Amino acid sequence: MRVAVFRRAHFNAAHRLHNPNWDEARNREVFGKCNYPNYHGHNYELEVKVTGEVDPDTGYVVDLGWLSKLIETEVEERFDHKNLNIDVPEFQGRLTSAENIAVVIWNLLRAQLHERYDLHVRLYETPRNFVEYPA
Amino acid sequence: MRVAVFRRAHFNAAHRLHNPNWDEARNREVFGKCNYPNYHGHNYELEVKVTGEVDPDTGYVVDLGWLSKLIETEVEERFDHKNLNIDVPEFQGRLTSAENIAVVIWNLLRAQLHERYDLHVRLYETPRNFVEYPA
Amino acid sequence: MRVAVFRRAHFNAAHRLHNPNWDEARNREVFGKCNYPNYHGHNYELEVKVTGEVDPDTGYVVDLGWLSKLIETEVEERFDHKNLNIDVPEFQGRLTSAENIAVVIWNLLRAQLHERYDLHVRLYETPRNFVEYPA
Amino acid sequence: MRVAVFRRAHFNAAHRLHNPNWDEARNREVFGKCNYPNYHGHNYELEVKVTGEVDPDTGYVVDLGWLSKLIETEVEERFDHKNLNIDVPEFQGRLTSAENIAVVIWNLLRAQLHERYDLHVRLYETPRNFVEYPA
Amino acid sequence: MRVAVFRRAHFNAAHRLHNPNWDEARNREVFGKCNYPNYHGHNYELEVKVTGEVDPDTGYVVDLGWLSKLIETEVEERFDHKNLNIDVPEFQGRLTSAENIAVVIWNLLRAQLHERYDLHVRLYETPRNFVEYPA
Amino acid sequence: MRVAVFRRAHFNAAHRLHNPNWDEARNREVFGKCNYPNYHGHNYELEVKVTGEVDPDTGYVVDLGWLSKLIETEVEERFDHKNLNIDVPEFQGRLTSAENIAVVIWNLLRAQLHERYDLHVRLYETPRNFVEYPA
């Protein structure tokens, strides 16, 4: 009896897209407004999906209170009210695209989650743009 | 040409999490506020997904009016404005976690749905906590 | 420069509508499913509106962190994961309709808010049924 | 590192369900209100999912600005503020069910998308009725 | 103790904007895509607000079940799955703008509502465009 | 026949709260995480309300296409993908609180709107924190 459980969380952060191997003209051409020099920001919405067997004693796949706390420690404390490009070591040398943020979050959570669970993350940069990893 | 169709429905119900094999202290430790004795409740949102071939005469996988009626009969009439722990026979001897509610709903609908269709359910306990079965 | 600021919060609670001055038949006739004996429940969404002058030193009408904490202390701790009919003294002798819950919340918050602010509350019982006080 | 990216778009259109091989009574029986002769309409919400590898130079699976423009050219310009039954050649001889609209949209987008990407579409006819293709 | 209660409902309808006193060029210039000849449509969301005193016996301003039924009879049965320009007598000689639809709905409901209540309607043509009457 | 029409728009921006007349300790004490030095950001949602008489020739209070364009020119082009503290002259010497942003937006739009219309703005900093001006 394999069930998937989901928990939503959110963090507010600044970022910009800029590839340091390219000149300004190329950066502006590829990234448009997302390359503006002084950063912009988003209310990121995060959806964490954990799949596993239901424990008959609790009726839980995993305690969502525990999962919520894990997301707080691993994701919100690192990213919330931060500048992803400047403040977050995980993005040194890595573009802060939604795709890359989702992969970084997945790696952070995967390291804390027992291997008997599967893990997927969905990250909304805006209500109309979002990503999932792994696909 | 296999397409999935989704129908959303909802019911309002009271419940609490309590394992009768444990003492009060253990129940409170594991379930926290969800164990409070006099019940709390939720606006449960249900998303039913039926997958199958499109009928060329109707353009339908399944008539959503019929599916809506099925959800009303099998789920809403059993659960809506009820206390899941007390009023619903399907939860005697089974914890009323979102995971278990989703499995019970899937079993009720599966019994009424032709085997040529696949069935999945997603159940929102709150906008931030939800489950899917089968995973 | 008078601005209104809003903060949303939520609590999950059980309740039923029952007028002890009426017999069962009258209760069932007036309140329908909301009168079912073993309670049902809702994810209540609360929207608190505070109106006042903007403080030029902070740019705030009121610190929303403080307001959020006030809602937690005055409303969530009293109502969240509770049975409104049984557990909450404010509803002894008062029907737990959305209208009355909103008035009770307004009274609790008003008592803690400086008189230079105006206060309004909106309470969603479901996404389709909600109330505002004062009107 | 395979990631899925999603872009939401919308169009407002009129339609009706009517099978010309059936008489009026059969059409009304099967399609109910959706068969009313003078059309009704919807705010269709479209969710396009593209799956592929992340480009290390951009952090993108695909430029969402480009994808948004593609949806505008291929879908919105054809369908927005149109009568799907009368104005859109793709629906001549095909019922304008949500299932069929999703398949038509998938075909239009698939023809413009490099084969290294996977493509899925989800189409909301209303917030409570929606479909996905391929399933 | 004056409280406002709200009930949301919805209907799906086709319409177009066209002023018969103007030629085609003027209509197209003023109304743009909304003037396309074969109609388009919307999922209209309606929010009905009734303000009055709370009845101490019920805790209600007005029974929302009754209000919901009234909206069904007066609004949904007239407008749902209809072409507002062709099928609805109230719009003969009147443009089917969101503003006018809101006024028509207000008049229909006002006629059925006791004068001790105030009435306001909000109508969403899309999630981004909506109107309120009276202002 | 006075009707209010609403148009929603959005912009993504970076900001921080910092009062230059205070030392770091006082800023951190009052503004908490919102004072972090390298900025954070939001998906701001803007709701513009214009109240006036319905024009019998168009059924419009104001052409929402025109209003949408006005918001684009006056608000989105100034604020979208910008750092409000650094890039926007209107916030030099003014804290970038939601309250102040709403007042700045109202002033920008008011200057372009005929005096026969009333104007109100609502600004969502997050789905749970928002403001209205004038109150």
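Think of it as A, B, C, D, E and F in the order they're written, each chain with its own count starting at 1.
By our rule, a contact is a pair of C-beta atoms (placed from the backbone, for glycine too) under 8 Å apart; a residue touches a chain by one contact, two chains touch by 3 or more.
All values derive from a computational prediction rather than experimental measurement.
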item	value
Labels of chains that are neighbours to subunit A and to subunit F	none
Farthest chain (mean CA position) relative to subunit D	C
Most distant chain from subunit B, judged by the mean position of its C-alpha atoms	F
Rounded Å distance, subunit A centre to subunit C centre (Cα mean)	34
Centre-to-centre distance between subunit F and subunit C (centres being mean Cα positions), rounded to whole Å	29
Approximate Å spacing (C-alpha centroids) for the pair subunit A, subunit E	41
Residues within subunit E bordering two or more other chains	127
Every chain pair in contact, whichever chains are involved	A-B, A-D, A-F, B-C, B-D, C-E, C-F, D-E, E-F
Of subunit E, residues touching subunit C in the complex	1-9, 51-52, 54, 57-61, 63-65, 118
Subunit B contact footprint on subunit C (complex, rising order)	10, 12-15, 33-34, 36, 38-43, 80-83, 86-87, 126-127
List of subunit F residues in touch with subunit C within their complex	17, 19, 21, 30-32, 94-100, 102-103, 127-135
